[in-house]
């Protein structure tokens, strides 16, 4: 296993400790509940925004805690939803008279943990709102599945909600806003390689030298199908077609375009991908008004990327543009 | 004073815990096929604490004991397994009552655990989950006990049913859990949770005082 | 080769095109010279800051062009210094009455290209200053080598110079500042895996499953030695000892600490590394005043990291804190 | 009117260019051992343009022709090779003069190229660079020509020296270029540039009209 790791069981806590040491003035780390929270949260005048999910998707979500984004993240272990306890205790620590908002990626484990945590927190008198993110078009919805997965689109939901919460928006309005952003966000990802969970020590799945996995999940779940490795342009075109035709995004739409790296793909390649995606959208008459190129929601060290499109309006654009102060920064 | 019939419950829990810890890697490998490879890791993290705190667990009665186990599982196990297995222990505790625990009581507790899993998971037999090993095995257990078999041989027979049912999940299409996202591609490999249940039953059969 | 690539020969231009498309208002792409420049450069009132080097180190340097950092970057192909021509033409395009500053990583090819370009540009009457970056402690200096390599420390040199240039500093002062920052910056890197140049299509070198390369160069050059793979803590301690004992950094020093990913290492691991490095420095009585965790100077898709320490004073701290506007951003 | 003796120069340049293009991968592999694996790629990117524009290159005289080649190399070849090989062609052009080019003139041009490389690279024989193949080969060429051998056999003999010298760089410690950073570890493999020069000499020997 080619990783920076000591005891794999300490992987997540040691990462969280690093985040805390790097941001002593702004963040607080609560080891008991795997919790990273704003040092100045909760605030009486602001809904507390909480996101939990498995680890291994960094910077989501522990590195986007800060003014203008999350008030807290309570991750589980690598690829495992947090235990219900963490959700409950995080919610209690973040309790605000204006309420606590749970942003949840649509996976069985995450939903169960947050359902149970919510039930118990409400029993203690805490007001809770819930937004479910399910932007992944790779998974065809059907009556018998749990619905689509939540992937990189969660960035937009969190960013918009975070900005609105900072301006004092009420819990119900934030829930409505989150649902609205989720409803106009679509993502599909693909893997060039597998990823290696520290505790497993070997790749999660095998992908041949000449293969790629289209529609892969951010936990290494298999996608739509395995295909022969293709050129960057062909890959982009296939992802874009799947994403754009889903909402669908139409000629004349203003959009945000995100090229998200899955952890092992260098940013040089992401910009190459961006160039193709931008040009193809322009050719379709879709206007790229904002763009995001980098890592937002990863899958450990997986080489691959996802494309996200979000249909923009004035309000959403201004929320996305608003400043934020998070550990994940350049300077 | 410890409740009568308690030994059986202790044996079940201890065997489950030891099996989870011993099979961490195997269970995770099974989950890696169409899942995300953490099933064994998640279970082991909870059950290793059950083992580590074994002697100190409150044994006032079966319900209390099981509730302690449930709390450890819900507070330490993440993923889908934490809520599911935690709920199962919690419901079993609720069904334990405070009277003597005989075959009927044990079956009632198992049924309560199953109902809890179904409710929590919004799932049922046929969805390709651990229920597809657990439910047939408990059905079999009930049948054998009703037919007058002794506990040891009933458990052994139930373990065989659990194993066969778990292997049988290979041909099923996953409708719940992470594997469900893969649709048709979930066919061809068994469900990790179902195999986990089968291995636990087998270990239990081996451990049951005959 | 598990990469997003079309024709490998187009790898760099296609990446540059992506950067340009993502930043239409602020950047200009000049394909003839592989050049990314600020759309508003050159300015009569500001020294133009130029950095060239091989590609494959992104975000360095093409993704850090913008207000407060570089005015232009003219990269060569992957791991190849730019041809002299690019240097010359870039310098001409960026000509300002206040002069043009060349920031160069200390490699033979880069120095030759800039030497020749400078000679020819000066012949055309352009005022040029030069700063050489050579922060890599892995390479032992000796009379017969070309000296130490320039690696991730270049971020600090560029950031400080960029901020000072924005405030109107003169060419000579910027050269002095750059040399001063370089003189207090030390870096060492290590590789867990090799990297794959697109044109080569296979890993640059072979590293066994149980091996790592300590002191690796950012072009995959071999380092001090190959060792048995160690735990994260052991790796950090070895890098830190090499870096800290070189200047040397002493008890009571205020420092900036950078944990730089080499392209294939997820940010989760970088924060784990950061946590150890920070704690160990604190134990030595060295005060980490600023920190940088992420990718700054990479080596394509190499898994690995480098640690950089920079001794801070008031002036340098405020230059590092100054805002900048570059393509490499989160929002 | 084209200068007399020009054919030889055209043949040399064309052979160099073709060799660089044909050996792109091989030369890069050599550079990957203790360098960064781009030597073949860099050379090929320049020389393929030389070939592509071959018919249009200004042939007023040898100096002009070589200067055109030098411009292509300096403007299209990155890395260390661009400045080094560009300088070599530029200096050869300067030494070409405008008179007939015979053996003496050719040797003078080669010497000028060598001096250019040494100055540009601040390097010399013994540093484990292309100079360690080029200089002995040119020395040999001069010797054989002085001894009265014909051009064809002198080139063939020089190619043998180039090859032996290039292989001999294996035992040397690199003191210049990227390989120098590796210190002791540069020992044990030949210098990529030196092998490149040897292959070019060998191809030239094969191509020389006998």
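Note that the chains take the letters A, B, C and D in the order they are written out, and that residue 1 is the start of every chain.
Following the convention adopted for this analysis, a contact is a pair of C-beta atoms (placed from the backbone, for glycine too) under 8 Å apart; a residue touches a chain by one contact, two chains touch by 3 or more.
As the structure is a prediction and not an experimental result, all values here were calculated from the model.
Asker: Count how many hops through touching chains it takes, at the least, to reach chain C starting from chain B.
Answerer: Minimum number of steps from chain B to chain C: 2.
Asker: Note down the smallest number of touching-chain steps it takes to go from chain B to chain D.
Answerer: The fewest steps needed to get from chain B to chain D is 3.
Asker: Using CA atom averages as chain centres, what separation in Å is found between chain C and chain D?
Answerer: Averaging C-alpha atoms per chain gives centres 32 Å apart.
Asker: Report the inter-centroid distance (CA atoms only) between chain A and chain D in whole Å.
Answerer: Centres of chain A and chain D (C-alpha means) sit 55 Å apart.
Asker: Chain A to chain C: how many Å between their CA centres?
Answerer: Each chain's C-alpha centroid was found; their separation is 29 Å.
Asker: What are the residues of chain D that contact at least two other chains?
Answerer: Within chain D, no residue touches at least two other chains.
Asker: Two or more other chains touching the same residue: where does that happen in chain A?
Answerer: Residues of chain A touching two or more partner chains: there are none.
Asker: Building nodes from the protein chains and edges from chain pairs that touch, which of line, ring, star, complete or other describes the result?
Answerer: Basically the chains just string along in a line.
Asker: If you go through all the chains, which pairs of them touch?
Answerer: Inter-chain contacts occur between A-B, A-C, C-D.
Asker: Spell out the residues on chain C that touch chain D in their complex, using ranges where they run on.
Answerer: Going by the criterion above, the answer is residues 9, 54, 76-85, 107-109, 112-113, 115-116, 139-140, 144-146, 149, 197, 199-200, 204-205, 217, 219-223.
Asker: Show which residues of chain A lie in contact with chain C when the two form their complex.
Answerer: Touching chain C: residues 2-6, 11, 14-22, 55-56, 58-59, 63, 159, 192-193, 209, 229, 231-233, 235, 263-276, 278-279, 288, 291-295, 298, 300-301, 303, 305, 320-321, 323-324, 326-331 of chain A.
Asker: Per the contact definition, I'd like the list of chain D residues that touch chain C in the complex.
Answerer: Those in contact with chain C are residues 28, 32-38, 41-42, 45, 74-84, 86, 120-121, 127, 175-183, 185.
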